[in-house]
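Dropping a structure here in structure tokens format, bear with me for questions.
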């Protein structure tokens, strides 16, 4: 955000975006569950050219003891970008950005998983970004809630990760890479599709309060669409009898 | 020490030092205790332009178990320089110099704290250098013994940190930054003002045995002066009823 | 291996190697045990200009508990090159190469040590390379099995570390530094001299299956020679009554 | 420091909340006393100390000469880091940066960076060759609750009073670092079931969700962060945002009052 | 994923071995089904996904411009790394690279490097100044046994389908990375007292010795590695080597079938 | 290696001290036998092995070409490090450098550096561009007590016999590293209530304070360090210093006897 590239043209004369999308149109989303045989539950999310894969393990005994909670499970969440997922290779290992995203993703999921059902245990959620084209933290949150569902972990609601943003003083849904690099703001959110609650929220850049409200309206609209794809993916898994 | 800058003039024609001090005169010292509300005990020491702040926590249960001592408390001492405390920013994290100073400071304090009163427990001593102008390890030791006193930890004696050194073949008290950079020797000591014992001693550079004896004489003289300031600071704390 | 230096001449016109050795001749080997007073068992191996020293400690209680095995001892093996052991100084600390060699060395030794005699315990094997002239992992394995014997740890057999390789399309025994740098293949093996079994094997470069068989034949021949030196060193230790 | 009795404390906070009260007697949207001092520290090119209730925070600014990134040859850089060292509270352990300290540093960094208050072009000395790197380090010395707001305040105050040490680096005359606006953070925590502004240490023990909002001079949003476990509704957010506007404006005036000293 | 019952399982594997059978019904030298896909991942200059029984592995190739080593001014460089991240199995923990992952990466690396399939001279752009660094990263996503062979296959397939992104780096036109041969790894484990090819997860639970063999197009050996506790005889090795030749040839054809897609 | 029985051992040491005796039969100010060998190690440009009672220590010197620090364009650099690796004693664990090993390296380093025995200007090759970096690494192989003095001795002996490998780096002819004096360390520990010189392993088990003194050729002090818990008086220090002078002179002669071999 705010890279000082105000002169990059991101909207066409016909009001559409460079890739032909309308301002309130999200990139195509595909979702599959049960993709990793070694995991308890897993999911694969493709949003535009992003690919996020998530494995869930557990509930299992939490160790060392000092991380155990007497009244609930702990979620151990890692968000990781594969070295080949970005334009320039990134060195393996947990960087500051990944640690922050892991933390807020864990907190979003803790808000919906019925942790009190599994005292003293641990649930591991492993999010791997295999290809990154802006919006990976949102794709990762969607993948994580799908993998938890695939693992049969009880939840109050799913979580949909989705972002809107601002480019050329215009609020748009679901920024792609160029829009993220040269845009003016990004507002990623984690929305519970049934309750309408927010369990994840970040923002950077520059948004007036009215722009914030419009961006959030787009996020809610997209969350409903993605929710349908999620439900269909879960249904396909159990219809197919693969479990 | 021994930077090979023998031609830098550090004494004026009138025999005084560049900042006007006499050769056996220390920099102004200010001390306050009870400066950090979250700590069990705390102290702030300003010596010249050095600022050292210390927080003490405990005694508390020592864990993991393997660090416990059945017959006494362990002291967990950290000396740390803030990134902005020096001319060039220093990267956060514990470097070799800080580890050595932490070790010898801990050993100095262990020599006076009545550790046997608190078996199996731990006392944490956190020394933070916020501004460094030569002599921070000594200011840190003084701050630490004040913070321990403020926390009500029983001690055989206080410890005063103070250094003398050699510049232009002359022994002087309490080197400042230029004197430290271009001088010939530094002799920091930790002195118990009541017993007269040494619990901390380092030295580097070049000192004849006679020069060593004179430098140590200056150190003892200054320790008595600083001790008065320390006692006054503790008295002010309890008079003021802030505890 | 395969550095692309095919034009370096490593064989003389008389069929001998640059240092005068025949193609199936190994470098001189010297072995001593009981060289480190603080260790339970120790050995010093000089092979050519390589110097490998090994200390063994234990069996001792394995801690932390989670590394304990109910039915056997664990071997904790470290292979480390001293900073001054190589042409360019190497930074202290465990690098990827050292970790791999430590792993395969441990696995070789686990294949001969009677671990089941010491349930829940740990045996530490510390290999230090003080001078490196190609072949240090093999010298380290030989030193380790000698130090284990010196410590009185029961073993099914000793292990001899020895390598053959290929230079100028010719299979040769025991590559030295130039041969290792400019050669075509290296085949280090860990051979049990009594059973004839292999407990360690690596290879890189380019070897036809026939070349492999010849190289391994050389390795077995050398292992028998080194075994005699090992037995003599152990005998000297106990004859000398130094234990 | 009282021993934490989380369950009893939580019940007490809930009981008080039912009467619209808080554990330290404040109103729901009331702030604790804040004291700001600047320019205290030798060697820091800009510095600030914030005392905010029982919280004490220092920030220091340092400069270095850097080669610019090849794709941004005329831009300097800004780096903001926070350390939650064990000096600040019995709960902080030594070791590598915790997720909490990384989040703290990154949220403060985004609020300042994204406000655009520092023109990266103004940090250029020789295009493609030499630019200033500005580094703000925040040192939390005593955690008495709401360290996010205290750190944000210390950071912007240290920046707005910083002097670029051009003479020491032989690249011209010392000058004030140009900072064109004053982004301010306001933080809220759910305590007793409802959100409150400026949580104290006891209110943070509940561990319920926090919302951090950074507003610029024109009341635009520059950074948002929801932290910790919990969910909230858009209506709750709208109410909070309104409170944030008032407090950010007040604290912006406090910063202004310390400049030019 | 069944809970591991090592002792019972070991007995069952031994019982089956006495009848020359394996736990998943395969013959001793039989391979599981292998699926190979290439070019799947945006941003990777070459990529491959291998599904090998219950094992799933991705490999991605990236390029960077480097200054060559002073003693090899006309040579580029190759780097191959593998990560056994906790995504792949409940048994993998987060933390610094384990000895297992280091061994995996280095064995795959040696097989490719030592085959000479990439001419380091072909990676030179300006001698002494600018060469390509080729980096293959292998990401194990699901460990269902025999990850070594799956990683080796993914790595060489990603390399053989990689495009050198010269345009993006302003050093000419994009072109295929020249890879002159197809080194393939074949791995064997002792299970039930004898060696088997392509061990499944249950067969690996025994923890007995493994042998990894990399063969080039001409059936020369390029890399050998014995892993884990255990001893073997030269005769056993000779038998294994023969099996390896057949399977390496088959998998080499599989890679070829995906090229030029 | 006897199992440590600290309490009984401490009592025994105290009992002996009352009769002015030591656990290994030595007098209070007596030294154990010291053997010094130099030039043993291929690849090290200078090397020494010290066997000091049950303590065995190697030191090796390496050289590298460096760019000088901008503020000292005509000066090379010296770096001295010590490793207390787990090879040396059952009490040493693997892991990052311990405070003990850092202190050891820094105390040895200061004794050599501050004596001025190496003229940093003599390490300059091209002012502002190219200087020598001299690196002494000390490897403790067996800790039988008083490793400080053994490490100090090994380091200065390795330095005084080191050859600058100028030919290998293409900057002239190989030559002796000029080392103008021979700083020697002498260490004392409180055992049985009084100080003793050259503590053995058993005397160190008490864990009482140590004093390390480095003296130069003219008996000037170049480094002091008090380590471990404990207090001492100026009078005790004066007595120790006198003993140090005698032993440092003896060991300085031992170093001299190995030079030019």
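Each chain gets a letter, A, B, C, D, E and F, in the order it is written, and its residues are counted from 1.
Rule of thumb we're sticking to: contacts are C-beta pairs under 8 Å (C-beta built on N, C-alpha and C of every residue); 3 or more make two chains touch, one makes a residue touch a chain.
Computed from a prediction, not measured in an experiment: that's the story for all the values here.
If you take chain A and chain E together, no chain is in touch with both. Looking across C-F, B-F or C-E, the pair that copies the A-E interface, with over half of its contact pairs the same by residue number, is C-F. Seen from the Cα centre of chain B, the chain whose own Cα centre is farthest off is E. Per-chain Cα centroids separate chain E from chain F by 48 Å.
Averaged C-alpha coordinates give centres for chain A and chain B that are 51 Å from one another. Chain C and chain D have centres, each the mean of its CA atoms, that are 57 Å apart.
Taken residue by residue, chain E touches two or more other chains at 97, whereas all remaining positions touch fewer. Residues of chain C in contact with two or more other chains: none.
If the chains shown are joined wherever they touch, the resulting network closes on itself as one ring, and no chain has more or fewer than two partners. The chains touch one another in a closed ring; read from chain C in the direction of chain F, their sequence is C, F, B, D, A, E.
Looking at the complex, you find that chain B touches chain D at residues 35-40, 42, 49-51, 53-55, 57, 60, 78, 80, 82-89, 92, 124, 126, 128, 130-133. Those residues of chain A that touch chain D in the shared complex are 1-4, 96-97, 99-100, 102-104, 107, 110-112, 187, 192, 195-209, 212, 216. Across the complex, chain C is touched by residues 1, 40-44, 47, 54-56, 58, 60-62, 64, 81, 83, 85-90, 94, 97, 135, 137, 139, 141-144, 201 of chain F. Touching chain B in their complex are the following residues of chain F: 72, 75, 97, 99-100, 102-103, 105-106, 110, 113-116, 120-121, 209, 211, 216, 219-234, 237, 241.
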